[in-house]
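Labels run A, B, C and D following the written order; every chain starts at residue 1.
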Amino acid sequence: MSRLKLGMVGGGQGAFIGAVHRIAARIDGKWDLVAGAFSSDPEKSKASAAELGVAPDRAYGSFQEMAEGEAAREDGIDAVAIVTPNHMHAAPAVAFLTAGIHVICDKPLAATPGQADEIAEAVRSSGRRFILTHNYTGYPLIRQARQMVADGALGDLRVVQAEYPQDWLAEEVHNKQADWRTDPNRSGAGGCIGDIGTHAYNLACFVTGLRAESVASDLDAFVPGRRVDDNVHVMLRFGGGVKGMLWASQVAVGNENALRLRVYGTKGGLEWGQENPNVMRFTRFGEPTRTLTRGGAGASEANIRVTRTPPGHPEGYLEGFANIYSEAAAIVANARDGTPLPEGLHAPGIEDGLDGMRFIAACIASSRADGAWTRLG
Amino acid sequence: MSRLKLGMVGGGQGAFIGAVHRIAARIDGKWDLVAGAFSSDPEKSKASAAELGVAPDRAYGSFQEMAEGEAAREDGIDAVAIVTPNHMHAAPAVAFLTAGIHVICDKPLAATPGQADEIAEAVRSSGRRFILTHNYTGYPLIRQARQMVADGALGDLRVVQAEYPQDWLAEEVHNKQADWRTDPNRSGAGGCIGDIGTHAYNLACFVTGLRAESVASDLDAFVPGRRVDDNVHVMLRFGGGVKGMLWASQVAVGNENALRLRVYGTKGGLEWGQENPNVMRFTRFGEPTRTLTRGGAGASEANIRVTRTPPGHPEGYLEGFANIYSEAAAIVANARDGTPLPEGLHAPGIEDGLDGMRFIAACIASSRADGAWTRLG
Amino acid sequence: MSRLKLGMVGGGQGAFIGAVHRIAARIDGKWDLVAGAFSSDPEKSKASAAELGVAPDRAYGSFQEMAEGEAAREDGIDAVAIVTPNHMHAAPAVAFLTAGIHVICDKPLAATPGQADEIAEAVRSSGRRFILTHNYTGYPLIRQARQMVADGALGDLRVVQAEYPQDWLAEEVHNKQADWRTDPNRSGAGGCIGDIGTHAYNLACFVTGLRAESVASDLDAFVPGRRVDDNVHVMLRFGGGVKGMLWASQVAVGNENALRLRVYGTKGGLEWGQENPNVMRFTRFGEPTRTLTRGGAGASEANIRVTRTPPGHPEGYLEGFANIYSEAAAIVANARDGTPLPEGLHAPGIEDGLDGMRFIAACIASSRADGAWTRLG
Amino acid sequence: MSRLKLGMVGGGQGAFIGAVHRIAARIDGKWDLVAGAFSSDPEKSKASAAELGVAPDRAYGSFQEMAEGEAAREDGIDAVAIVTPNHMHAAPAVAFLTAGIHVICDKPLAATPGQADEIAEAVRSSGRRFILTHNYTGYPLIRQARQMVADGALGDLRVVQAEYPQDWLAEEVHNKQADWRTDPNRSGAGGCIGDIGTHAYNLACFVTGLRAESVASDLDAFVPGRRVDDNVHVMLRFGGGVKGMLWASQVAVGNENALRLRVYGTKGGLEWGQENPNVMRFTRFGEPTRTLTRGGAGASEANIRVTRTPPGHPEGYLEGFANIYSEAAAIVANARDGTPLPEGLHAPGIEDGLDGMRFIAACIASSRADGAWTRLG
């Protein structure tokens, strides 16, 4: 497979997630970053381009200009990564899709349901590919967990416990990252629920193969003056009588990015945490707990397929993220020239994005309705 | 302090918790077991008495006989331990209290609110002492956690996460322990919520010094044919705007007795789990997490007061339980002859029991009302 | 089995290990402490006796007096626990054995090889029982480990890693515990090697069923002015080509009582640490690591036999120690009246003590000979 | 800084470490792989080149050809990565250095002391840079550990415990990786000691700033027919009276790549393990243990300098390895055009390589001399 050409919208100086996307795109050597509208300020965009080795004529002052310019080039980009704040996903996504360019987009899908629908409509009408970077689905052991659930290793599912505690917003904080995430005009109506609650929810869905039917929630903004939620408690009802709880917090002092998933069925249970993602605990009822490792004894095909180093040599967040970029490369190459899709490929897409939006909306609605069970979409 | 004389109701052959109470009573050498109605079958009661070194004339065929007999003796028991199934707490408790004998009772307080009220009334009218064995409050680091919260080490509290997963009832099981716990006539209307949910709830209250004002819950009986809940999801609202979640389960495959408590405030966070109870993680916001140990560097007075061995020599469940029995000994000795109460003494009592009953009732009511927020009592 | 009568030499006010022995003897209700020479100062001995509920006429001013007095009584003690500093083991042990009284003795066996031989001779000539409290052999998972090795679950053994780091003597310290342990006249020529190195060594031998044939060692006294070693590095050669390393330290800052054992064979490996003794990691080559628990799924008979509480309710140091006392009770009862010994009984005895003395001597000799491989005894 | 051009010797199909070097070189976007002699078989070399996107005219059939060819090009490589088996380090290293091309070389330095000296002589005479990929020194917390030791946070050092257990060679295995590592003609006289023992030793030296003065060792080849050691026990004497132990094993069943370092001084202790490299335990004597994290609260400048993602988003083996490549880029850029070296830069070099060779030789010699203390070099 020849290398693919990537453009980026957002991710200029001071951004966090743009740099992550760039490393993720580099790790497996399948993408070259060749164009960008790194900032809404053209000067800053050009400065970032220079730093990143992007040619000056492909350092654009706006995403509109970039979509047009790249679509017109013979050697135009194969896909664009959109790494702007939530409220700035829809416009560029629609522009690039409409221009015939595949889109890799950060999560959540958008700041509002209306924006989300616009993207979905553009995906449908354009026939272009859309990959949403719910990056935690790229961890090898999460792939194995999904496979194990699908294969029945846990029996019939009963209970799902998902949580994502952080503490970086436990006090009033001002920096580029914090500012937009706590501003409802940029993040959308959900704060914590959108930023990390959706990650926990998506992970639970990915592993179980289920979607929540309804939620009952209690959202709080603990830090005085905060305009969006920073701690969320959710009870979930999945299909088939499966029950769940989800806790996400930005004020849980002592937690960095302690995303954790636990799934229990009639025959077995699984536990995994992303801060040490190379191990997963699996128990068959009545047997000792086994520690499965990334690539080690007991690793499944789905695990090994997205693994680079021997077991015991830890892979982390960037490698998991890189797996999404490598899946995206396969998808884009397939769309471009029919390169066959590898077996076992998974990448979150527009449906995951829409479901996440429904999840956010339902949680907010339920909390406002004093916790009444609220259906998703 | 001279040794105290203990009697026991229940705890005959095949029982689990009776043996635990007896070891707990022995560890610090403050109690001698001298009388018992170990079974409702007089023959079995006598056989157990013989095994336990209890004199034949104090092996009673019924608790009524025992309450009468012991009250009449010059050398009668100082206190009785009631270790029967839930529905058999009230009658003996009332009988002994009325006979002027202090009571140590297993939890939950009773099978029904009516029974609970009878006990409470007997405590009030008799003036006798009543200790409820919410044994997890006896762990040294839990004592320290309570002290730290009270001293403001966590700042103003915000979030409480309590959980108690087990897996021993993941399938249909029949044995003495399982049978009464899954029989609503013996356990009361709550299964998992009463048996272990109350432990998690009591622990959260003990450490935070708070009580829940209302709950929203979702209770399930996952095992086909089970007549009481075996998995419970609860959202909590404590006083002062503190929010919580509580999960208890008897079907979470891979968990033995994984009671865990996490408490977060404006300035700090605490995490503790009972399966390795000799460590507790404490984080002051913006500082590295510290691992506090039982009796080790950083141990508070409340921790050291109930510690027997040097740090690194683990104490466990029985030692924590023994701490309740030693507190009970101090309380009973104080009631008997005015022996001064030690500073720092804590023992769960009738109020904890009543609050636990209100918690069970509110959780059941909320779940039946489709998760509506329901006030306690 | 009727209760046995226990006496104690040492263990008066300010002692650590005496209190541990007393709790250990109480836990299973098989022993009553009825006599003692708790201090070499008769007044202090009587004061301790009063505190401990020992009758004044059995509070002796010296061990000689006690051995004589108890041997003469119809209701004399069945066994004596010797919990004095190392240099004070031999004289009382010989006195009681000679008086026909069984002995439970703290480790190491003695301060000098000569003393050790005197005890061994008295054991032989008296025909009395002698139990050495290498208490870590009482942990249920250590029993299981021994059984697994014996049953071949690890295949042919290759490598043993034992370590016991502490930090309480990292600086010059003065208290009752530290003083005698750092005084060669009371502890013997070995400091750390005798106090905790022997524990690690004994544990390795217990689990593997092997004895070291020779050692190469490097002993240090890091704290200025310290007259005995406080950090020991040892390479070991066991029988059958099995190799090992042993590290014991009293100056390893951050360690409380981090005794740890790892054993590897052709087919499997085991890892266990005493600070969280209720879990053990076991790996069959080519399979995921299993976490075995005390009493849980995968627990062997040898594990369950010495377990009191359900899995997940942690047992600790005192319960492990109590197992030694319960084994001792069975041994003494058997000697007294032929009560049959239970299947699976194990208790460290005089041979373990002598081997420990040989281990200490060989390590000291090797270190003095610049690490030359030195045979044990 | 503009991108640098990298060549590679070795690392063709079926190799493990070549792929690791390539990812490491890509992660921070500072290197482009543009040339290679990926195999000693020219056809295979070309096939690998094609897969890797290396132009056909820079796919060389031998390293000699490549050194010559690249030295002659205007746009020749800035540095070459040598990722062949140990016995094939010296010849290409000398060739490239002599041709004026900087070298990045896998460890250990060479298969024999003679080869090592040849490389060292070429480094000296050429004036070119030489970076040895002791990649574990690239972990952020290892950088912090070194800084903390240097800053005196541990006081005067006393004890170092290093270990590196694996189990992949517990049985006879045949594959490309295993074959050369167990063949003395290709790996050198040391097996386990050279392959992973040097990593553990180098890590201990890096963190402490010390070198071993002498060693006493016991090397074994446990697997029947194995011609090099697969388990090594070493006692160490560093400068200044610091003592250490080192265990490395390829037969410790249940271990993947469990490299671990523990360092203790008069005031503090540190513990770190590479399988979960984002946390490090640090204890100041008399205080609770703190858990330091990569980039988190308490992270030092040396830690943060080589960190990419927020704390709690784990970085792993590849990121640590990438740090070495980024340091190498800075070194090579500095050599090329005087680009200033960043503050805090560290990269293992020829001296580390020579010291590692002395360590291997001394361990082998000591083991042959029945463990006699043997000086390094």
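The rule is simple: a residue touches a chain if its C-beta (ideal position, glycine included) is under 8 Å from a C-beta of that chain, and two chains touch if they have at least 3 such contacts.
Since this is a predicted model, take the numbers as computed values, not measurements.
Touch-path distance (fewest steps) from subunit B to subunit C is 1. Seen from the Cα centre of subunit B, the chain whose own Cα centre is farthest off is D.
Between the CA-based centres of subunit A and subunit D the separation comes to 34 Å, rounded to the whole angstrom.
Centroids built from CA atoms put subunit D at 55 Å from subunit B. Centre-to-centre separation between subunit C and subunit D, using Cα means, comes to 43 Å. Among the residues of subunit D, those in touch with two or more other chains are 255, 281-283, 289, 293, 296. Note for the complex: subunit C touches subunit B at residues 2-3, 16, 19-20, 22-23, 26-29, 52-53, 166, 168, 255-258, 274-278, 293, 296, 308-319.
On the subunit A side of its complex with subunit B, the touching residues are 154, 158-159, 161, 163, 167, 170-171, 216, 218, 220, 222, 231, 233, 235, 237, 241, 243-245, 247, 249, 251-255, 262, 264-271, 281-285, 289, 370-373. Across the complex, subunit C is touched by residues 281-283, 286-293, 296-298 of subunit A.
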